[in-house]
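Below is one structure, written out as C-alpha cells; comments come after it.
The chains carry the letters A, B and C, assigned in the order they are written, with residues numbered from 1 in each.
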Amino acid sequence: MVYWILLQKSFMRNLQYKVAHLINNAASAIFGFVFIAIWAGVLQGKEQNSPYDVMDMTYYIAAAQCILWVSGFLTAGLNIQNGVRNGAISLELVRPTNFFLYVTSQEAGRLVYNFFFRSVPIGLVFAITVGFYVPQNVLSYLFICISILLAIIISVNLHYLVGISACWTTEVAWAHFVNFTLLAGLGGQMVPIDFLPAPLSVLTQYLPFAGAIYYPVMVFLEKASHDVIWIQLFWAIALTLLNLWITERARQKLEIQGG
Amino acid sequence: MIVADQLNKHFKIYETKKGFIGSFTSLVSTKHHVVKAVNDISFNIREGEFVGYIGPNGAGKSTTIKMLSGILHPTGGNIEVAGLSPQKRRKEVARKIGIVFGQRTQLWWDLPLRDSFDILKEMYKVPDAKYQQFLKLYDDLLQIGKFMNTPVRKLSLGQRMRGDLAAAMIHDPDVLFLDEPTIGLDVNAKTSIRSFLKELNTKEKKTILLTTHDMDDIEQLCSRVIVINHGQIVLDGTLEELRRNIGLPSVMEVQYRERPKNVTAKLNGIEKMRWDHDKLVLMYDRSVLSSPSLLQEVTKWGEPVDIQMKEPDIEEVIQKIY
Amino acid sequence: MNLYLKLLSGSLRSRMQYKMNFLVSSLSYGLIMAVDFVLLAAILQRFDDVKGWNLYEVGLLYGISSVAITLYRVFGVEIHNFERYMVEGEFDSLLIRPVSPLSLLLTKNLDLSRIGGTAQGVIILVISIIGLRLDSFDRLLLLLYLPVSIASGTVICFSLGLLTATLAFWTQRIKDFQTFTLYAPFNAANYPMNIYPGWLKIIFFTVIPVGFMNYTPVLFILDKGGSIWNLALPPAVALAFLFFALRFWQFGIRHYHSTGS
C-alpha cells in the first residue's frame, strides 16, 4: 500500500534530526513550566473558587504540551503550497493515487515520529519534575486512543484546508498563522475552554479546535464525558468530506487553467 | 599587483559523528586529519595582466581566491593585493578589488538593478560625478541601461551577469577576481562578456584573475595561465606553453556510411587519430588547422553520416596529465 | 548613516512589492500575539491576580517584553535567520565588502510584518498604564522610564539573537536553539518572575537575563520592592551583555576566517 510506504518514509526522514528535536523538546518543556507557573500563581489561595486545583492544571498543561506535538504543531499547509508555487501539484493531482491521502499519509508519518520523539520525552520530563496524570479506569485507555486519533484527523484536515487554499491564493503563511492561533487559543492549549468568558466558552465547545486539543486532554484526564467523542467524530468526518470536495475543485481549476 | 608567497591553507577535518550533537562533539574532539587545500603556492601577477587560474574541481582554486579577497586567512605564507595584506586590512583591500562569483549574485534580489547600484555607491562612498560617469560608461560597454529598472530576480542569467560585472566595477577597483563569470551562459552572452572583459583589461588596464571551466575564455582572454592541481601549481606560463604541455586538442568525431580504407592524416595540425568502434576520432590543433578545412578533408575520405565537434574538457585533461 | 537609509528604503520597497501579503501577515502576526493576552485577561478577570500582580501590572511586563522581541524581529531579521548564510554559504559575500559583516546584516533587510506585533505590544502598554491609575508622579516616572526599559529589552534580545547566531559558525543550524534561547525566555518574561521556581529564576537572571528588562524596574516603579538601583540595572545589564555578545561574534568570525565553513 503506497500510503503506508509514504508514512514510513516520512517517519524515517524525521528520524535523521532526532537529536536536534530533543534539544527543542527542552524548550517545549520550559513553555509548559511557564504555563504551569502561571496557573500555580493564579490559583494560589483561590482553589476553592475554581473547578480545577493547581494539580489539575499541572496535569492539564503537561498533557496539552504533549498532545500539541501530534495535533498542534503540524507542517504549515502540509507543504501543499510549495507544490502550487513550483507547479508540481499539477503532476501530483493526476497521479493514480488519491492526492488527499498522498499528502496526509506523509504528515501522519511525521506525527508518528513526533509522538515517540517529542510527546513521549516531553511527557517524561513532566513526569519526573511536576507529575503526569495516569488514567485510572482501564476502559478510559480505549477512549483516549480514539479521542487522540480523531484529534489528529481534525488537525490534519485543518492544515490541509490551509494548504489547499494555496491553489486560489498562492500565499498561505498568514492563513497558517490564523489557523494556528485559533487552534492554540480556542483549542485550550493554555486555558481550558470552560474558563473562557461567557459566550466564547459555550461556542468553542462546538468548534473543531476544541476537538484537536481540549477534548483529548480532558478525556485523558478522565474529566470529560465520553460523549465529546461524538463532537470530534462529527468534525473529523465533516472536514474530511469538505477537503475531498475542495481537492476535486482544485483539480478542475488546474485542469482548466493548466496550473 | 597580486603577490602570493608560499601560500598555504590547511583544513583540519574533524572526525565527526553525524547529526546535530556530532557538530558539537567536534568542538572538543581532537581527532582530525589535515587536508592541504593550498600547498605552497607562489605567484606574482603584475599590473595589467589577465591571468587564467584553472584546475579541476577541488584543486584549490576557490580557496586561493577566498584568501586573496580576505574571506579566508592563510595557514602560512603571505599575500599582497594592491600592496596590502587582505588578512590584516580586509576592508581597505575590499575597496581596491572587485569580485564576481558566477554562481551567486551580489545584487539585491528583489530590487531593481539601479537600487543595487545606489546602495553600492553609498557603501563604497563613490562621489556623485564619478557615479554618473560610471553609469554612462557601463551602459555603453554592457548595455545595462535597458534593464536598469527591472528587479534582479526578473533578469535573464546573461543580463544578471552583466549587472553583476558592472556592480563589481562601481568603485573602480584596480584588481578583479572573477570566479567562473561565464558559467551557464549562452554563446551570445558569453561573447559580449568576453569582449567587455577584454576592454577592461586593455583600455582600463585592470589586473584580472579569472577562474573558468571554459577553454574559450582562456584562449580569447588570458595572456597567462596558472594551472593548479592538488593545491599546487603545475604550470605557470603563456597559453602557448600550456598548449605545448598538455596539447589541448579540439576533437572531431566522424561517422562514415562505410568505413573508408585509406585514411591518411597528411594535414598539418592533426595530432592524433583513432577509431572508436566505427567512429573516427580526430584530435587537432585549431590554431594551426581550421575546422572547415579539416571538415573538407574528412569528406574526401568517405561519405560521413554524422559529424560531431567536441571541446576538450580542460578539467579532465589536467587531471589526466598531472 | 546615508548608507543605512539607502538600505532601509531599499528593503522597504522590495517588501512593498507584495503589499497585500505584507498587510495580512502583519495583521495576523499582531493577532497571534493578541490572542495570548486576551486569554491571560480572561484568566485574570476570573481570578483577579497572579501572585499579587493584577492584569494591568502583568500587562506592563507583557507589553515591554512583546515590544522588545518584536523590535528585534523587525531590525534583526537577518541575524535571526543567520543559519541561511552558513547553510547556503552566503557568508562569503559579506566578507568582500568594505563594511563589517554585522552592519551589512543589520542593514540588509527589515521584517516589517513584525511591526504588527510591536503595535499590539504598545496597545497593551497603553491599556495597562491607563488601567493602573497611578498617581501623577509614578505615571511620569513610568512614562519616562519605558523607553529605557524597552531599549534595554531590545538590546538583551538582540544580544541573545547574536549569541545564538554565532553558534551557527560551528553548528550551521540554529533554529532549534532559538526556541530555547529566545522564544521560551521571552514568553516567560511576559509574566512576573516571582511565579517561577528557583532554578528558572536563576536562568532568567543570569545566562538568559530577560528578567532584568521588565521585572526588575517595574518592581520598583509599582512599589513592589527593590530600590532605585532597579532602574539602573536594565541598561547596565543590557550593555554588558551586548559587549559579551559582540566579543563572541568576533570570535566566531575569526573561526570562520580560518575554517571557512
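Here is the rule we use: a residue touches a chain if its C-beta (ideal position, glycine included) is under 8 Å from a C-beta of that chain, and two chains touch if they have at least 3 such contacts.
All figures in this text were calculated on a predicted structure; none of them were measured in a lab.
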- Task: Give the label of the chain whose average Cα location is farthest from that of subunit A.
- Result: B
- Per-chain Cα centroid nearest the overall protein Cα centroid belongs to chain C
- Task: Give the chain pair that accounts for the most C-beta pairs in contact.
- Result: A-C
- Cα centroid separation between subunit A and subunit C, in whole Å? 28
- Note on the structure: Chain-centre distance (mean CA atoms) for subunit A and subunit B, in whole Å, is 52
- Taking each chain's mean CA coordinate, subunit B and subunit C are separated, in whole Å, by 45
- Taking each residue of subunit C in turn, which ones touch at least two of the other chains? 173, 176
- Using the touch rule from the top of the page, what residues of subunit A touch 2 or more other chains? 20, 23
- Note on the structure: Residues of subunit B that touch at least two other chains are 20
- Task: Could you please specify the touching residues of subunit C with respect to subunit A in the complex?
- Result: 21, 24-25, 27-29, 31-32, 35-36, 38-40, 42-51, 53, 173, 176-177, 179-180, 183-184, 187-188, 191-192, 194-197, 200
- subunit C touches which residues of subunit A in the complex? 20-21, 23-24, 26-28, 30-31, 33-34, 37-38, 40-44, 46, 49-50, 171, 173-174, 177-178, 180-181, 184-185, 190-191, 195-197
- What does subunit B use to touch subunit C in their complex? 11-12, 20, 23-24, 26-27, 63, 66, 69-73, 75, 87, 90-92, 94-95, 97, 99, 101, 104, 106, 108-111, 115, 118-119, 122-124, 151
- Query: Which part of subunit C faces subunit B closely enough to touch in the complex?
  - Reply: 2-3, 6-7, 10, 13-15, 17, 90, 92-93, 95-100, 170-173, 176, 257-260
